[in-house]
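In the two assemblies presented below, chain A is common to both, partnered first by chain B and then by chain C.
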Partner chain A sequence: MSRQTQGYIAAIAAIALLAIFPVKFGSFSLLSLLHLDVSILSEMLLFAIAAMSVNLLLGYTGQMSFGNAAYFGLGAYGAGLSIHYLNVHFIAATLIGTAAAILGALIIGPFLLRRRGIYFSLLTLAFGQVFYFIAYRANQFTGGEDGMSFPRPYVGFAGWHTNLHEATFYYLMLIVFVAVLTAFWLIVRSPFGRTLQAIRQNELRVRYLGLDTNKFIYVALVVSAAMAGLAGALYGLLIMFAAPLMLDWHQSGDFVMIMILGGAGTIWGPVVGSLIYVIGKDIISTLTQTWQIYIGALFVICVLAFPRGLLGTLLHAIARRDVGAPIVEDTMPHTAWETGTPTGAAAVAVEQKEL
Partner chain B sequence: MAEVLLEAKGVSKHFGGVVAVNNVSVTVEKGSIYAVIGPNGAGKTTFFNTLSGFYIPDGGQVIYRGRDITTMPNWQRIQLGMSRTFQTPSIFPELSVYDNLLIGVQSQKKLAFRLRLPSASRQREIDSKIDELLGFVNLRHLKDRPVAELSHGSQRLCEIAMSLSVDPRLVLLDEPMAGLAEAETERIMNVIRDLHDRLGLTVLFVEHNMRVVLSLAHRIAVLDRGNMLAEGTPSEISSNAAVREAYLGQEVISHV
Partner chain C sequence: MLANVAPSVFNGLILGAFYAFVAIGLSLIMNLTATINLAHGSFLTLAGYLAFTLVSKGTSFWFALILAPLLTVVVGVLVERTLIVPLYKRDPMFSLLLTFGLALIAEEVYRLIWGPNGVPFSAPGVLGGGISLGFMQFPTLRLFIALVLAVAMALLALFLWCTKFGLRLRAAVQDTEMIAAMGTNTQLLYMVNFALGMALAGLAGVLASGLLGLSPTMGNSLLMPAFVVVIIGGMGSLFGSIVGGLLVGLAISITTLFIPAANEIIMYILMAVVLLIRPRGLFGTEGLFG
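== the complex of A and B ==
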């Protein structure tokens, strides 16, 4: 069985597991065993999508975004405001929220693209905080610091609709999640996705292969915003609430943490990270008020023990085994150092010694 | 006279108060091998970078096939048929040799922006192109290895193959022998000859080893402290008194 087939089977098994989680066998379900509420599972899936949006930028394109909560929050407010003021339906609210996030990214994207590395991260953070303060200050419109509550509309269309109970909501989220995951997988294995991964490793080389990398990063940014916006809109509909904190850089940091926990640059990494973070948080916070300390400690331990994330480390070990041990090429000694004159870093070291 | 492919007219570049390149002009004819040589700090890499679009010169013009490309972004120059390598091989370290070449071939075939996987016939086309490139630099046996694992010399060969993956007319090589042992230097020299003899490409390269330059190049420009010291054929350069005195030393010349 090829690795690819194994991957498909593992993915289907994971989705099946997510599907049977809330199913009751008599009075028993996997969920009740963990004393969990089904809405926690919905939250887990939505945070996974939001972390995947960060992953597309950092894990695949190499651009660290500390502002994806801005798109998440734009999604939540987009959905909330459209329900509050326009009284729209569930699907329309979701689409409006997602569109708001896409619009946000289209506008700030050109500014973000002017910088790379840490400066790019700082710009994403700064722009994210702009949205935070707008939501915070626009009291009459957004409810300011207190946030805004709104009802969850019926889902459906003319002639048919249904009220969403938490369990039905979860299955709807599962469908959305599988769709997003599939789209994400199709993107990263496409020629476009491969180019993004090349940009992560060496943007200059990609430019010197004749590609306008700004165009690629811009598209990645907008796709990332769409994912975060979708997650935010649905999260707003899940908790029927939107607040400035959803736009805050703390929230962005959580998404980054979730992604790193599971494994940046892997498709399922953010899902694993979200599972641990959201459910870990839920369990630990019922035991102690200082749950953040324990989540923080868990994060530190994971990063030290699994530098590529939990899933990332596992997948890397498998890939490493498949490729085989590092090779020793039977060429001549390749550094000038071995034949006499040092070059490069060695030369600098020698020069410094001599001074 | 043969067609002029690349021309630099009075190119200057300074960094703050330091003049790295001062009023340098070269003319590279189609189908020739052109070398830029000079001691450390002569400005040859800076000059090279103004040709490849890494820097925009402060003065002068760069003309490629009759078109002013002085301020053109680097990625557009590649689309016009230029390509380059770097002193330290610029590669995708975690990707396999195959995937490194794939990124360039995708770009050349205008597939890089697509979401759809290439069709089976397209994929065969891509694979045969990559195989051809691997054969040219003799790296077929390392095709599936991450480039980070390769020796310095093989990484450089991989980078040369990458620079060929975009179907260039003109290949710019920045110190292709830097950091290589004698045997590997030979190997790269043969590859540069092949670029010219077998593929019919125009090559411009920067180098500080006079022996390499004299045996490979058709024309040579000698830079010294940012200025053009001499320009001409290998025999003109090796007999040029200014070149001998300023930087080569008698013994190097008498070796050749």
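== the complex of A and C ==
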């Protein structure tokens, strides 16, 4: 059995496992075993999608985005505001939220594309905060600092409609998640996705080949925003609430961390990361008030000890075994920090000379 | 009109000086080691709390003003040597995430030690009153702060341009490998550079706590404007950070006067305009402070 077939089987098994998690066998279910609520699982899937959106930019395109919470929050506010003021249904609210995020990325994208490297991160960080302050300040409209709560409308489709309880919501999320995952997989395997990966490895060379890298990164940014916005809109509908903190750079940091925890540049990495992060946070925050210390420590340890992430380390080990040491870099998805891209002052100099 | 606007302008300039101060520290660390230090605000807050503890233990404010930043430098350098150094060779993303994690830890630790709300920390009586400038009264504390910040910036400039070590530091930003090949201990450069950033953050922290109120999130409220200042002023430009800081401070205070709701957005608008016209920032050049 080839590694590829094994990969497909593992993926299908993982999805099947996610599907049977909440199923009750008599009074027993995998969820009750872990003392978890089904909405935590929904949250886990949505955070995984948000982390995948970061992964497209950082893991595949090599652009460190530290502002994806902006799109996530725009999604949540888009859904919330449209329900509150326009009384729209579930699907419309989701689409409006996603569209709001796409619009946000279309507007700030040209500014972000002005720089690369750590300055790109700085710009994403700073521009992300714009939306935070807008939501914070427009308090007659958005509820300001306290956020806004809104009802979860029913899902209607061609005359048929149903209310969403937590369990049905979870299965809907699972369907969305599988769809996004498949789309993501297709994107990174497409010529477009390959070009993004080429940009990560050597943007200058891609430009020499006659491709407008700005255009590619712009599209990647918008696709990433769409994913984050979709996740945000659905997350808003899950907790029936939108608050400025969802737009804050701390939230962006969480998404990046989820991606790194699992493994940057891998399809399933963000899912693994989200599983650890969301469920870990849920458990820790019931045990102690000072959970923020433990989350922070998790970041520090992960960065120092497992920079490839959990899944990344595993895949790396498998690839190593297949090939035998020394490892051929091409058997693994490249990550910028493995390909000898100049870091530090050199990277700054390169970035500045190019512009 | 003047009586309204003048205090705003002064206050804006002082706020801007803080932004510039934090921005220079960030910029120093970013330029040499490509590390975006998200924990910079945490160190700033730490200095404020250390000064508060020192003063409440009976030391004088003046002594605390010197000692607290020094202690912050010690803590900062320890953190840099143990946690950040291993990441210098890796993608900048990792140091960004590490310092982000540190900031999360620090905020919670401050809450545990000094309580979730602000603590009262004010300057001694000498600085309490006001000075008449003819057309307006101006608080002495603010003038004092402006003076200290100006002196510190001048000292930093002297260090960078008039000492051999400063020369090496500026050279290392342009080409670390070359300066290493010529026999300079680059690790020492990194350490001193980080210590400089910490000293600036520490001084700003002690001074800011009298002005902004000392709370676990004080530093972080200065951090984001400082990033914007770095972008506006131009990465790697000391002068740019000063001009950018003052510009942002002024813009904020004047907007607060006329359109209060937009006072946080204004700096982002400024940033967007600068990026459109001059993507490298107002004074951005290749290399550090060139």
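Quick note on the criterion: the second predicted complex is superposed on the first by the 325 of 355 C-alpha atoms of A that agree within 3 Å, B and C clash if a C-alpha of one lies under 4 Å from a C-alpha of the other, contacts with A are read in each partner's own complex, and residues count from 1 in each chain.
FYI, a residue touches a chain if its C-beta (ideal position, glycine included) is under 8 Å from a C-beta of that chain, and two chains touch if they have at least 3 such contacts.
A quick note: this is a predicted structure, and the numbers were derived from the prediction, not measured.
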item: Chain B versus chain C as contact partner of A:Thr213, first or second or both or neither; value: first
item: If touched residues of chain A are counted for chain B and for chain C, the larger one; value: C
item: Which of chain B and chain C A:Ser190 touches, first, second, both or neither; value: first
item: Partner chain(s) touched by A:Ile293 [first = chain B, second = chain C, both, neither]; value: second
item: Contacts of A:Arg114 with chain B and chain C, given as first, second, both or neither; value: second
item: First, second, both or neither for A:Ile284, with chain B first and chain C second; value: neither
item: Touched partner set for A:Phe66, first chain B, second chain C, both or neither; value: second
item: Touching partner for A:Val130 - first (chain B), second (chain C), both, neither; value: second
item: First (chain B), second (chain C), both or neither touched by A:Asn202; value: first
item: Overlapping contact positions on chain A, where the chain C interface meets the chain B interface; value: 335-336, 343-344
item: Chain C residues touching chain A - in the complex, by the definition given at the top; value: 30-34, 36, 38, 83, 86-94, 96-98, 100-109, 112, 172-177, 224, 227-228, 230-231, 235-236, 261-262, 264-265, 268, 271-272, 275-276, 279-280, 284, 286-287
item: Chain A contact footprint on chain B (complex, rising order); value: 52, 73-76, 78-79, 83-84, 88, 90-95, 99, 102-104, 106-108, 111-118, 142, 144-146, 149-154, 162-163, 165-166, 178-184
item: List of chain A residues in touch with chain C within their complex; value: 58, 64, 66, 111, 114-115, 117-119, 121-123, 125-127, 129-130, 133-134, 136-137, 249-250, 253, 256-257, 260, 290, 292-293, 295-300, 303-304, 307, 335-337, 341, 343-349, 352-353, 355
item: Touching residues on chain A, where the partner in the complex is chain B; value: 186-187, 189-192, 194-195, 197-198, 201-202, 204-213, 215-216, 323, 326-327, 329, 331-336, 338-339, 343-344
